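Down below are the structures I want you to see.
Here chain A shows up in two complexes: once beside chain B, once beside chain C.
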Partner chain A sequence: MSTKQTLKRVVIDPVTRVEGHGKVSLLLDDKNVVRQARMHIVEFRGFERFILGRPYWEVPVTVQRLCGICPVSHHLAAAKAMDLIVGADTLPPTAEKMRRLMHYGQMLQSHALHFFHLVSPDLLFGFDADPAIRNVIGVARKFPDLAVQGVMLRKYGQEIIKATAGKKIHGTGAIPGGINKNLSVAERDAFLKDVDRMMDWSRGALKVAKDYTVEHLETLAPFGSFDSNHLSLIREDGAMDLYHGNLRAINAGGDTIFDQVDYQDYTDYIAEEVRPWSYMKFPFIKSLGPENGWYRVGPLARVNTCDFIDTPEAEAARQEFMALTGNKPNNITMAYHWARMIELLHSMEKIVALLNDPDLQGTDLVAKGDRREEAVGLIEAPRGTLFHHYKVNADDQVVMCNLIVSTTNNNEPMNRAVAGVARDYLSGNEVTEPLLNHIEVAIRAYDPCLSCATHAMGRMPLVVELFGADGALLDRRVKE
Partner chain B sequence: MNPAPQRTLVIGFGNPGRLDDGLGPAAAAALEADPPAGVTVESDYQLTVEDAHAVAGHDVTVFVDADAAGPEPFGWSRVAPRTATGFSSHGVEPADVVGLARDLFGSRAGAYLLGIRGYRFDGFGETLSPPARRNLDAAVAFLRHALESRVFPDATDGAAALTETGG
Partner chain C sequence: MAKPKVATTSLAGCFGCHMSILDIDERILDLIELVDFDKSPVDDIKTFTGRCAIGLIEGGCSNDENVHVLQDFRKHCDVLIALGDCATMGGIPAMRNTLPLKECLDEAYLNGPTVYNPDRCIPNDAELPLLLDKVYPVQHVVKIDYFLPGCPPSADTIWQTLVALLNNKPLDLPYELIKYD
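Showing the complex of A and B:
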């Protein structure tokens, strides 16, 4: 087909109710069919340079500056890399369990925020509801108990982070080789006091997500959906492990692409493609190439790749989830929400188990070994697999840093989801409110962290731009 | 002018790794070193929904943020609760937090926003620009005076406030 048709470019900037801000441009032909969808990410590319020259022990703290949304994930991924730099191949039980508690607290608060305050308006009021109602304030008014539960689950997770990592803005809990504190009995008891309530609310959130998906399956199944590969960390016995494991990748039908790969060797398996129109790279599985090797990460991928979940209630929920697709991988984009709530419940179950583990009151906090010059740290962040790769010279300075953040791993899938929804819902040659809503719903399924940009007052306008075939700007609308 | 209440929360927010975006946390750190009586100081990268719970637990809240385009050296205004649309977890504004505190927890707490003028936001770095640093000093002096005297104006710009307080 000729590419010299009349083309129009519609730009939507930013996408609201995703974390950070982004821009979507739709390239139309003269028949108003979507020829291409591009999701532009406002992302600063300077961090990997910013970190160079810094002493390695500062890195787990400094990397938190990358993102105000998920500082704990960066903190832990960097700390895991620095464990290996200092030769700490195995951490003392107290150190690893404190970090796991921190991580499950992060997972809990992040998933709770996303579900209760970003997604629940879509589910409770419908995608097409008036945006004046379809927001968290609408939820607060019509379902006040649910809104309060979201806030309090989030707060509980944040308090766990504070008890394990330290101050919100300057967490120092994880250090190369271990942790800098244990959990006091008083702290433990304060958390234990609320676990029954938090478990109930987690179960309730899972039920809302599951029931909605099952009841609306006919609509949701094709919505922004497509077959894809899936990638995540996996424990040696095949269990879901959000903190540590080896890499497993499967295809859309569930066949293994690779399994139990030591992530120190990730560059043998994963490559990153650069495309001229995007700051954000497009990772892919090397053996399949960029065309076929892109993959999904995050809750949907993790539930698909694991053989089982090692907590009873989340495992029962996983089995229900997998039964929907005949125990084959679930490739329904909107099933991310259900999978995310399975992880919410799993995280809460893990928190309860850890709080009852006396190792958290141990005093052996740090391990050491033979110094290395290069290491990789991986973690399953709330949004998906997060890669931190460093080289450190003999003067203890970082001389190389490569990061693949979770949202970058989902770059190609998000573009495909947007393209699919736009094709299905575009009518005429304008960006209608329903089209905007549906694009946003598709993107939100991935829970993207679009930007680590500044948020200062006056710097977050909404811009909608319409370009003609010759590139001329036809229309532009700004919403502050 | 209103008499100051007993329990006051100060939340400085922004990213200290993003140049002048760190003005809010820098103000919080300056206050935290010697907090006035009855004042709790918090800092975070951004406001989040659970801040509504903290706001509801105080009589008044002062949000401190960098301002990319406001008055120099700072602006001060009362924050009214907002029933927002397009509410996002990244860009939660003080008015949204106060609105949530009202809608979820029945809060009637007063709230103010101290916006400190910044200039450099487009890069990584843990230092404030020199003019932002000067604005920070002026803003912290104003805030400390207000917290200690327990007198909060409804709204003012920094230059006028400094004249009033002799700063």
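Showing the complex of A and C:
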């Protein structure tokens, strides 16, 4: 008899309080030792095919419908590619700064949403708290001040998106070669009125994340953790830059794998493996191969790869963060939350600086040059490096589209985190709701946007079913 | 008296309609006084705990699991609202309806410039739900009571709709709130 037949199957379907619909399957042997753990992405859209034949200028508006949580990221990554298609190698300062403002507003709202609405229940109530209160409504009842701050920080970010993109969700602000509006003095003044409060709350959120991590370090350090490579965009002087830069990859110890790579050449460096059990592909660094070339992206990777942050408060926070691991890359999965809040503060600092920049009231909005047929647009989305690659024919139709979305880059790391937690917490034990939530806590650290990843979205109850080798249902638990 | 319950789900949507629900901002705190949330992404309730007054559906049906969730919502909710253009018309995901599904899968898993797929496999695991031949609007699958257009419908549209229904008032949205994208 093969081993396979003696294994029991456990399914977490779907993973919840993440943005999108995924599920986890575990295979356990007769001693309940976890033999295989996988996170599956179960939806599929087919965007790369059905966008073919559409006019290029439509893409920044259509492609963001992959994801209503970070539509700005797709909007801007596509717009950056289309800038090059229309030959706008440099945008007028007003256009670039309006887009940056839009992007920092997006970072602020997305990081606030993830931290306050989705993750804070795990941190405030505990991983194994009663699921009836382990949610944002529970937080609103027990910690009303914190909940209001989360709601208001997110709102501020959403309002900035509206003022720069025209709409809070699925705006139209960025157009090939520039932007379609500037920021009025009235809009600017309305935002400036609230900056002190927003800065305070951002500092507060960072403190909550930092204190939590430091206080619980003993449990959190090994939780779903492993050494990995890290990848992000980086400015030419090594500063963190969320809107533009070149690619840098480092290994777990901090050695350079490649640096200052022009992302127009990304296909020379990155490939994606297809595996039959997930609609989400598995990217890897080509020179290291699919086995060893996988990497992490997102807040943790960005804080690890950059040499410094160019805003003072976030830089001070970064130094504190790096000191924890002796200025070597931090490979702790649960440290994502702390890194994410450093970026929240950084984004708020950037917003204040931009609001005080008179360029935002400029009137030169669009640039143009010689048409190209192929271009790549990259951006650091809230969840990590986002790749958009298009070819456009002489009739202005898109003839090729390739997307590597942020969450896809973290596919292998999330699977490793799931396997690690399953092994450490589940193996040999009876399967219970709190134990299963531990697996989800590890996934949530990555703030996966499975909507983006399926190029999709949906949530369902968490149902775990245990099957015997003969396929008979042994045990079934529903998470209420 | 027990508060009425509201449930929400996202099928083949982008979650933008749910984000638009959250865009009611501070009014969320009023909303949780008015209603209890049942099965929804905004809380941790994953199966219906009882009868719901209102179910909000984002997204159309792209796979068999979407169909099952939608049928379950119809069974448990007095009023079903199709939220947004994807639920109402299929939306952007329905752009695949003019193409054979196989072409979409081939493009994503065989032909892309960064694809590494020596075995030329298309994801086919038993854990993955079955894709439907087309993306269907929700009213093709179950009866829907109200349709809110927009991509997404604005927070004000959603708020006014909920308040009217919960107070048994006729739904009379001002012209500016009824927008298609």
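Going forward, the second predicted complex is superposed on the first by the 437 of 480 C-alpha atoms of A that agree within 3 Å, B and C clash if a C-alpha of one lies under 4 Å from a C-alpha of the other, contacts with A are read in each partner's own complex, and residues count from 1 in each chain.
Please note the rule applied: a contact is a pair of C-beta atoms (placed from the backbone, for glycine too) under 8 Å apart; a residue touches a chain by one contact, two chains touch by 3 or more.
What you see is a predicted model; the values in this text were computed from it and never measured.
Peer 1: Using the superposition on chain A described above, determine whether A:G238 touches chain B (first), chain C (second), both, or neither.
Peer 2: neither
Peer 1: Report for A:K168: first if it touches chain B alone, second if chain C alone, otherwise both or neither.
Peer 2: After superposing on A, A:K168 lies in contact with both chain B and chain C.
Peer 1: Between chain B and chain C, which one contacts more residues of chain A in the superposed model?
Peer 2: Chain A has more residues touched by C than by the other partner.
Peer 1: Quick check for you: in the superposed arrangement, does A:G150 touch first (chain B), second (chain C), both or neither?
Peer 2: first
Peer 1: Applying the document's definition of touch, where does A:L66 land relative to chain B and chain C: first, second, both, or neither?
Peer 2: both
Peer 1: After the superposition on A, what does A:N135 contact: first (chain B), second (chain C), both or neither?
Peer 2: Both partners, chain B and chain C.
Peer 1: Looking at the overlay, does A:G87 come into contact with chain B only (first), chain C only (second), both, or neither?
Peer 2: neither
Peer 1: Tell me the contact category for A:K23 with respect to chain B and chain C: first, second, both or neither.
Peer 2: second
Peer 1: So, A:F50: does it touch chain B (first), chain C (second), both, or neither?
Peer 2: The answer is both, since A:F50 touches chain B and chain C.
Peer 1: Based on the superposed arrangement, let me know which partner A:H114 touches: chain B (first), chain C (second), both, or neither?
Peer 2: first
Peer 1: Find the residues of chain A that appear in the contact set with chain B and again in the contact set with chain C.
Peer 2: After superposing on chain A, chain A residues 16-17, 19-21, 44, 46, 50, 62, 65-69, 71, 113, 117, 131-132, 135-137, 140, 144, 147-148, 151-152, 154-155, 158, 168-169, 451, 455-460, 462 contact both chain B and chain C.
Peer 1: For the complex, which residues does chain B have touching chain A?
Peer 2: Contact set of chain B toward chain A: 14-21, 25, 42-46, 48-50, 52-53, 65-70, 83-91, 99-100, 103-105, 115, 118, 121-126.
Peer 1: Enumerate the contact residues on chain C facing chain A in the complex.
Peer 2: Touch list, chain C to chain A: 9-20, 22-23, 25-26, 28-29, 32, 37, 39-47, 49, 58-59, 62-63, 65-66, 69, 91-93, 95-96, 98-99, 101, 103-109, 112-117, 121-125, 127-129, 131, 151-152, 155, 181.
Peer 1: Please name which positions on chain A make contact with chain C in the complex.
Peer 2: Contact set of chain A toward chain C: 11, 16-17, 19-21, 23, 25, 38, 40, 42-46, 48-52, 62, 65-69, 71, 113, 117, 121, 131-132, 134-137, 140, 144, 147-148, 151-152, 154-155, 158, 168-170, 266-267, 270-279, 281, 283-284, 290, 389, 400, 402, 404, 451, 455-463, 478-480.
Peer 1: Can you check the complex and tell me which residues of chain A touch chain B?
Peer 2: 16-21, 44, 46-47, 50, 62, 64-69, 71, 113-114, 117-118, 131-132, 135-137, 140-141, 144, 147-148, 150-152, 154-155, 158, 167-169, 451-460, 462
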